[in-house]
Amino acid sequence: MSLTVYLSGEIHTDWREQIEQGAKDACLDIQFTRPVTDHAASDAAGDLLGEEDKQFWRDHKSAKVNAIRIKTLLEQADVAVVRFGDKYKQWNAAFDAGYCAALGTPYITLHDEGLIHPLKEVDAAAMAWATTPEQVVGILKHVTRD
Amino acid sequence: MSLTVYLSGEIHTDWREQIEQGAKDACLDIQFTRPVTDHAASDAAGDLLGEEDKQFWRDHKSAKVNAIRIKTLLEQADVAVVRFGDKYKQWNAAFDAGYCAALGTPYITLHDEGLIHPLKEVDAAAMAWATTPEQVVGILKHVTRD
Amino acid sequence: MSLTVYLSGEIHTDWREQIEQGAKDACLDIQFTRPVTDHAASDAAGDLLGEEDKQFWRDHKSAKVNAIRIKTLLEQADVAVVRFGDKYKQWNAAFDAGYCAALGTPYITLHDEGLIHPLKEVDAAAMAWATTPEQVVGILKHVTRD
Amino acid sequence: MSLTVYLSGEIHTDWREQIEQGAKDACLDIQFTRPVTDHAASDAAGDLLGEEDKQFWRDHKSAKVNAIRIKTLLEQADVAVVRFGDKYKQWNAAFDAGYCAALGTPYITLHDEGLIHPLKEVDAAAMAWATTPEQVVGILKHVTRD
Amino acid sequence: MSLTVYLSGEIHTDWREQIEQGAKDACLDIQFTRPVTDHAASDAAGDLLGEEDKQFWRDHKSAKVNAIRIKTLLEQADVAVVRFGDKYKQWNAAFDAGYCAALGTPYITLHDEGLIHPLKEVDAAAMAWATTPEQVVGILKHVTRD
Amino acid sequence: MSLTVYLSGEIHTDWREQIEQGAKDACLDIQFTRPVTDHAASDAAGDLLGEEDKQFWRDHKSAKVNAIRIKTLLEQADVAVVRFGDKYKQWNAAFDAGYCAALGTPYITLHDEGLIHPLKEVDAAAMAWATTPEQVVGILKHVTRD
Amino acid sequence: MSLTVYLSGEIHTDWREQIEQGAKDACLDIQFTRPVTDHAASDAAGDLLGEEDKQFWRDHKSAKVNAIRIKTLLEQADVAVVRFGDKYKQWNAAFDAGYCAALGTPYITLHDEGLIHPLKEVDAAAMAWATTPEQVVGILKHVTRD
Amino acid sequence: MSLTVYLSGEIHTDWREQIEQGAKDACLDIQFTRPVTDHAASDAAGDLLGEEDKQFWRDHKSAKVNAIRIKTLLEQADVAVVRFGDKYKQWNAAFDAGYCAALGTPYITLHDEGLIHPLKEVDAAAMAWATTPEQVVGILKHVTRD
């Protein structure tokens, strides 16, 4: 069974690469997709459309250009993995989770035990909560087995 | 013009009451809805279904019981206001925003200038960004004028 | 907050009346709906359309006439309660649960501990599992509180 | 004409293999999909996410992990076959049928004459009732003929 | 239980009035809706928009004006009754039935035994086949009983 | 530009073959689909599921088995062509047109001038009315041109 | 029959008032809705959210605030009337027509003969083309007749 | 990442070719689609269905034949680019933008600074506003980067 899996959230550790490598090692038939994870490129996505004096509009333009990609990939995904790290606000990750919930796209959360309480609404709509990339790979292995 | 407006997010200040009062003072025909904003009651929503040893399952049960209300009200809302304060993770607010975005329900964000960058994806899908409850009332006044 | 709640499943005990009475005692603004729960009338729903020699077609006609009601009420419901008793196959209750799941209508299951394992898929898509009508009323009270 | 057919329900007899073999013998251009049918693996699907003391949560986690697969395959299916055997509760099969009904995915039921009455609601929304795998193959042959 | 029922099809006999009277006599809480059943007015619905030399365009304009009403009422209906008489082509009735089928709106067909074979596809997607207005009233009585 | 085109309606003349041949001659990248057009096979589609004494149930079972194919192909089609000949009731063709209209699938009608008035509602929701297979091919040629 | 009708487009003549008066004179049970038609107020809708140096962002903010109203009213409308005058670009009117077309909401265009060619795509998806407010009232009278 | 991009709007300059060439030069995995951009062929699309005396019906028939293509391609597109030039009414471009907005398909507008004010509603629902084909290519390059 083949699957398209969108990897949403934290961009400061290599959790995406770990999941992709784990899936590859297990020969899973999975196509992984992701947002632009180069932080600087992501923040500058709208700059080619002209300079802005205000931070709000610079961010606004970049976020919308990035959203073209994210929205398209989220709607194509069979499953999403949403990762929350221990730093930053990461509201975009929670936004993606809410988007999946409304679309009916199953998602798996990936976060430490310390975040259980603030993530309870996000976890409540998830199909699984994992604490390590290995567990995510384990779930995907089970889900796609022949 | 009448409107149903869901007030999502922060529960530690009286921004909901300010908006409701402002709308009342302006005689707007708006029905406001909200999640259970009594923090303790919200956290304990699932306790009547039996005790749990693990924090995860206690939170899980409560979050799901609360979600019955939130999901119903979000889908009935014409418009949502999503408030981010300066404390706590508030991932549920971003989750609600993502849910609205996928449903096509217009929403207004309400947050300070200091949160512009981390909220850029949430603001990008919003119809307006306000910094005060008065501004939200101003928008609602314009939107519903005869 | 008002709510429309569909009561699906077992028709041999008075669980519906207990929930309705409990909601009434607590002054909840809830409209309860239900299938035709008169067993004989339900089985004979299609008889006025002409006799059938085969059991399959008699059942088929009656089940379809009943489905006009069930389908309409399920799609109007904000929430469903799906009850499984200790007797009979009750596949129609599980069918209703699956229907709700696909529509995105939140539902609460109501069944004893002894049925946990066979109902795991049905419970997995539910927002809560209750074992008594009192618990269902408790959830509805929380969900609709002002 | 090619078709994707999901085989839902009973996992204790070889009805799936009979249908797949029959379709192969008839050179039908059909891709069959199915849930994880290894009973022990299915029950243990969530175990890699950590141990649970309570049966409910163990079942809950496994059922949700399995649901990632089932939901994805049901939504990709053109047609489903839902099999009810003579043992066990099989509420998950009826749940899948209800899910298909709400999605508008046509499904065929496969069960003995003895189950007509308890399955009347499930059969009422089906496109056909078959009693043998050969009949299912016969229907698929007709449906996909050039 | 209240219901909105659209009465589609044949306009040359008083079957609509019989059903409405029967429902009234039985005190059913049903709102009946219907297309414009004044044949001449229906054919002339577009005439006020200017004359046409070609029959096709005169019919086209009138049919579209009528469709504003029909489409709106079909989408508001909980249930439709689709009547086929023994005269005329009545393709509009079959069109309405197909429209209901795609929307998932349950419908009841009303026609004589002589039309069974040509209506088999229309009946296959119906929830019931009745031969008299009394039977339709009987079904509605059952469906809406308290 | 490639296209999937469903050919619905009359099965007694070779209009489908003419369109397919015309499209082939013009090297159009179109995949044509159709119902089972072998009249006897279509009427007998459900016979393998057991004999029926009543004509209604024989027709019912066959029509539902055929509907598995029709429904699947209609939902996969980019465009439909719906043909009405000068004989028979052809309510299934009008039913397919209504189904397309509700799905938003564009369709072309193919019929003689003599049928303009009874088909006015069906034509009103169509994207084009053609009187010959050559015209249909002409439209498809224009629609898919590079 | 009651109806909700959204009046979209040109804001420089009194066509809305003429239609509303005509409907009132004819005692039609119609609720008319409209965008904010006070030009200055509409252009300034976002000004309360803070000043902008660039015209683009001022317009952007105002257009989005107005869109909260327009989007809500368009989705609540049973029917829309879209008016094109002889001045200005009026792209918002064509935008609303496209929005209705995608939602499946029937709409009527109101424009002079001189605009036939540039409006052909907009008219192609409309249910009627009128040249005077009186004709629109005439259509609404027919559509809602008892 | 691959993408299907529909190029809507102005047909009198070579902006489509510039974007396609730019994407090709950058080796982007994008399939571009477009309406029939041969003006004369587009206007004559319905002529093969018979002559019309009135301009309205000639345009109507052609616009509907063209709409078969446009509707199909818009619904298949991941992203649209909507171009407004400095001549003509171009209401079809705004109509396509409204159609995309209702479908939730992200689109980019391409127009000069002089059109900011009349396009404010169209821009308000867009994901980006570009003034040159190079900027559009730049956005697509960012959106599809690996």
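The letters A, B, C, D, E, F, G and H name the chains in turn, as written, and every chain counts its residues from 1.
Please note the rule applied: contacts are C-beta pairs under 8 Å (C-beta built on N, C-alpha and C of every residue); 3 or more make two chains touch, one makes a residue touch a chain.
If you're wondering where the values come from, they're calculated on a predicted model, not measured in any experiment.
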Numbering shared by both copies at the chain F-chain E contact, with half separating same from different: same
Which listed pair, C-E, G-H or E-F, duplicates the contacts of B-G in over half of its pairs: C-E
Most remote chain, CA-based centroid, reference being chain F: B
Averaged-CA centre spacing for the pair chain C and chain B, given as whole angstrom: 31
Geometric centre distance via CA averages, chain D-chain C, whole Å: 23
Euclidean distance of C-alpha centroids - chain A vs chain E, Å: 49
Residue list for chain D, restricted to those that touch at least two other chains: 64, 66-67, 104, 129
Chain H-facing residues of chain G, complex: 55-56, 59-60, 62-64, 66-67, 70, 84, 88-103, 113, 115-125, 129
Residues on chain F engaged by chain D in the complex (per definition of touch): 33, 36, 41, 45-46, 48-49, 61, 64-69, 71-73
Touch list for chain E against partner chain C, complex: 1, 3, 78-79, 104, 106, 108, 127-131, 135, 138-139, 142-145
